[in-house]
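Each of the next two complexes has chain A plus one more chain, namely chain B in the first and chain C in the second.
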Partner chain A sequence: MKRHKLRGWIYSAPAVLAMCVLFLGPVLAVLFFSLTDWQLGQKSFSFLGLGNFEALLADKVFLKSLRNTFVYVLLVVPGTVALGLFVAVLLESSEELKGIYRTAHFVPVMAATSAMAIVWGTMLNPSIGMINRVFHWFGYSGANWLRDESTALLALALIGVWQGFGYAMVLFISGLKAIPQQLYEAAEIDGADSAVDRLRLVVLPMLGPVMMFVVIIIAVRAFSVFDTIHVLTEGGPNYGTDALLYRLYVESFNFLRTGYGGAMAVVFLIVVAMLTLVQARVIDKRVHYT
Partner chain B sequence: MTPLSLGRTGKIVRHAVLITTALFALIPFIWMLSLSIKPESEIFQRSFHLLPSNLSGLNNYAAVFASAPIVRFLFNGVVVCGAIFMLQLLVSIPCAYALAKLRFRGRDTLFAAVLVVLLIPSQVLSIPHFIMLHHASLLDTYGALILPWVFSAFGVFLLRQFFLTIPDELIHAAQLDGMSEAGIIWRIMIPMSGPVIAAFGIFSVVSHWNDLFWPLIALRSMELSTPALGILLFRDEELGRQFGSLMAATTIIVVPLIAFFLMAQRRFIDGLTIR
Partner chain C sequence: MASVELRNIKKHYGKTSVLKGVSLSVQDGEFLTLVGPSGCGKSTLLRIIAGLEDADGGEVRINGKNVAGVRPKDRNVAKVFQSYALYPHLTAFDNIATPLRMRWLTSIQRFPLLGRLLPETRRIERDIRGEVEQVAAMLRMSALLDRKPGQLSGGQRQRVALGRAMVRHPAVFLMDEPLSNLDARHRVQMRAEIMGLHRQLGTTFIYVTHDQAEAMTMSDRVAVMMEGELMQISEPEQLYIDPDDLRVAEMIGTPQINVVAIEKMAQHAGLYLAFPPDAATMAFRPECATIGKPLDAMLNGIVSMTEHLGADIFVHIKLDDDAGTVIVRTKPDAARHEDGAPVGVNVDRHNVLWFDADRKRIRRQAVKKIAA
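Take a look at the complex of A and B:
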């Protein structure tokens, strides 16, 4: 029986080792770095307490990147979720060409963001890009989208919605499939047979938990925006598209300010971990519903 | 019954709207393909045509294949993603088996630790990973791209949940037949978990194939780049400054995953929406 008890740990040993060395240890290390002024490659450092976090609150560039991140999330999440839901409801309302539509909408989710960001860069290019060509067609002048501070973040948000809405769509489709048929029938008997009534009385209330789940998944992805910024704007113009993860990358690996970058990593960790915790709660709830 | 009950006009509107949104999803790909087969002079023309006036633009592809390590990027992607997935399975399966089917002291604590690790976004760990790999002199090698990811909390979690659904009687019967524990994992648990392993594999491969953040930090040399980083380095090369060749290169980079997706759509959608 004793051998039996050890066996569990023997089977788990590689995972336990890897988990400690690659995840738990590094998280503790980042928490520690964030309390110091250590710079990568230097031998000595001093202990700052919460000094880095105070400095973050006074750092104009960081605050701007934080603000941009939230603006980006507030643009991308509602856009992605609304468009994803809209497409999912229409898609599930008839069998005609359903599979083809689903495939077409999901393709952007698969494609490497860095490669597709390059493609979007050419589409937004002021001289050859199709976006400005379309604007000219309608008699407008267009813009230098990625080089103008008033449009750059908006352009990145558009790419964010483009890449994520197919993902939201498939999550909503599985939610829609789980709605019991009797509910539609009951609603119809009660006279709620117009499209709006069905949406309002059956579809949206039943999608509640899925909705929460989709919002959080899309929000975590939006908070982690990095690829499009690195490829297209490098945070510019005038830090107008700088975001949390991009600032973390620049501070830690370009300026080698490990302690300061570590403090940003802690902020990022807290935001994402909180969102994920809420999501876990929602999944628990969903189990009880069905 | 369906979310909306559509009459004949409703159905036509549905097609009209879905074609529009599908076009929104696909236009960057159409644009990419169109530019990739055009000579540079035509790209700069005032009027836009989907197709080029002649086929000389196909040279873009020839030029990319001839001069850039684009095939090498794809090869690196296969090596790195393949190694990551194999090691993840090797580490996760026994642990998931222990968590699901063995009773031992500390099991709940171990599972709780796995759940905590699930909360950690990987980018947070980049600084310590960088430092460890630096001290191991492994930066700028395949190892640097692979080692940080050999443990997947998500993989352990997923496999454990599935193993729980495999009846204990099956395992007891195998034990009575004299099958070893390793035999049970290899001959019963793994074959029965095909769909879950496939879904996890797609999740793992797609996320590492498309990852830019970590390769950007861990690599210096172009020859080791995975596709997502390689295409960026190509853009800075001389050939990459021409729109036609750049779009040909991005096409070569994104087509393999999309082709696999078209062949196994259900599996891909399952794999990417599994959490």
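Take a look at the complex of A and C:
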């Protein structure tokens, strides 16, 4: 019995080692530093206990970035899922040029985000950008999208949707392909032959497992939004687009307040872990694996 | 209740012709089985009747009315699928209730949560509950109604699928190999249950299968299809003893009918039998032949194998001159033959079926003796 246990540990040693070095170690280190006033590069530090976390709760900028992050996630997740599903259903229902469209919609997922962010920055530019020109054509004045606090976060969310829906689409397409044809036929004979009824009776329930996966992945990705903010707005205007991960980066590496940044990382970790847990719990009840 | 009439139905996918002009009529209340090897077009024909697919030519009439352009849900047909095709996220009750909900409730009343609040919805839902429970009782599955398909066995799932079809009292039941996913024991049991349902409901049943035993045991009439054509349609017994085509004869009955090419037959066989002039093959059922002394019979050969099946014994006899192998059914009390023993096979000439080079049956009585 004892030897079997030992053997088990030996077999799993490489994985355990990698887990420790790449995941557990850093997490413990972050937890540790979040309790200190350590600054990047400094040789000494002192313990603050929960001081960093208390400071966080009083930090208006941090709270705003937290709120922005949630708003961003609430915009990006439904948008990405809806658009991804819509395009997937559209592509699956027609044979023509399927491959080209599928690839075209998937390109944003593969492209480097920061490069794409620069392109979006140019398009959203109030004077030379294409988007405002289109608005002018139709007689509207457009907006200074990324410099106006009321539109900046929305613009970033739209870029987020644009970047992610191809990924959702590919997953949805594979999910749609797995739905047996006879189920659609049964629904048709039973009287569910409108698009809405078919969606409710067959497509959405059968896509359950894929949907759960897509929502979790997209939500976690949205929570860790960084590139577009860094390239396009740097958190502005007036911290209107400041998000959790960006604030963490600024505190840790611009202001070198590593301990304080560590506390933010802990908050981020807790939020993402809870989100995943809640989603898995709630959605799992409504998902039907066959 | 309805009659179904098919007139010259044609269907092709690309260049492949799947149905080459099939005409048949099913009477009101009849149990008709379409049987044939896979790829013969029987399932496609069923889908065309259901309206899941459009024919490229010909017309479908249900109760005398041409249903071209009528959507499946408005044809008043129900279909049971081989894979059951139940909605996995719904309980057995909700699966059976679905066709009624789709018909009786408006899309507003079916709206999640809100629809339930309308008073009218509650009344209709009560009616639906009554109907579903009645059907469940008929199928003896009232206790299973709150289970989901994943928690049911194959036979129970097929019962739910039957319930979903029955609940709306369709004019025609279409069944596409409903028993092929079941194991042998359940298959025989469900066979009897489906026959019982047909008697009880008195509705028109059109049943598709590749299993000739199912076709023979369940149906009022059997339609044999091959390569997109209807070969023969008649009562099961008639099909067995009086097939129109060699392929039909070979399809129906186990073990298969014995077929011997005329040109392979020894010259002296003519002494025993009169050949129709254009006959290419002769065929006879295993039970129509007797084993006799060698060299003295219509067909001669050696015993290659004996199968004991309890009540019956099948003796496989390899004929001389490479004329193939025939099977003779004997009773356990008949004389036994060692493997390798030379024997003769005699067939009563009334039980021999003749087929021409096109595999069509020769029924003419005109015969000519072959000179020895």
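Simple rule for what comes next: the second predicted complex is superposed on the first by the 250 of 290 C-alpha atoms of A that agree within 3 Å, B and C clash if a C-alpha of one lies under 4 Å from a C-alpha of the other, contacts with A are read in each partner's own complex, and residues count from 1 in each chain.
Convention: a contact is a pair of C-beta atoms (placed from the backbone, for glycine too) under 8 Å apart; a residue touches a chain by one contact, two chains touch by 3 or more.
These numbers were taken from a predicted model, which means no experiment stands behind them.
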item	value
Superposed partners chain B and chain C on chain A - clash or fit	fit
Chain B versus chain C as contact partner of A:I189, first or second or both or neither	second
Chain B versus chain C as contact partner of A:V89, first or second or both or neither	first
Touched partner set for A:F268, first chain B, second chain C, both or neither	first
Partner touching more residues of chain A, whether chain B or chain C	B
Partner chain(s) touched by A:D197 [first = chain B, second = chain C, both, neither]	second
Gap in Å between nearest CA atoms once chain C and chain B share a frame through chain A	10
Interface residues of chain A shared between complexes with chain B and chain C	185, 188, 193, 202
Chain A contact footprint on chain B (complex, rising order)	1-6, 10-11, 14-15, 17-18, 21-22, 24-29, 31-32, 35, 43-44, 48, 90-92, 94-95, 97-99, 102-107, 110, 113-115, 117-121, 123-132, 147-148, 150-151, 153, 156, 181, 206, 209-210, 212-213, 216-217, 227-229, 231-232, 235, 243, 246-247, 250, 253-254, 257-258, 261-262, 265, 268-269, 272-273, 275
List of chain A residues in touch with chain B within their complex	4-9, 11-12, 14-16, 18-19, 21-27, 29-30, 33, 40, 83, 86-87, 89-94, 96-97, 101-116, 118-120, 122-123, 127-128, 130, 133, 162, 165-167, 170-171, 174, 176, 179, 181, 184-185, 188, 193, 195, 198-199, 202-203, 217, 220, 224, 226-227, 230-231, 245, 248-249, 252-253, 258, 261-262, 265-266, 268-269, 272-273, 276-277, 280
Chain A residues within the chain C interface of the complex	180, 182-183, 185-194, 196-197, 201-202, 205-206, 208, 288-290
Touch list for chain C against partner chain A, complex	47, 50, 52, 71-73, 77-79, 81-83, 85-90, 98-99, 102-103, 107, 148-150, 164
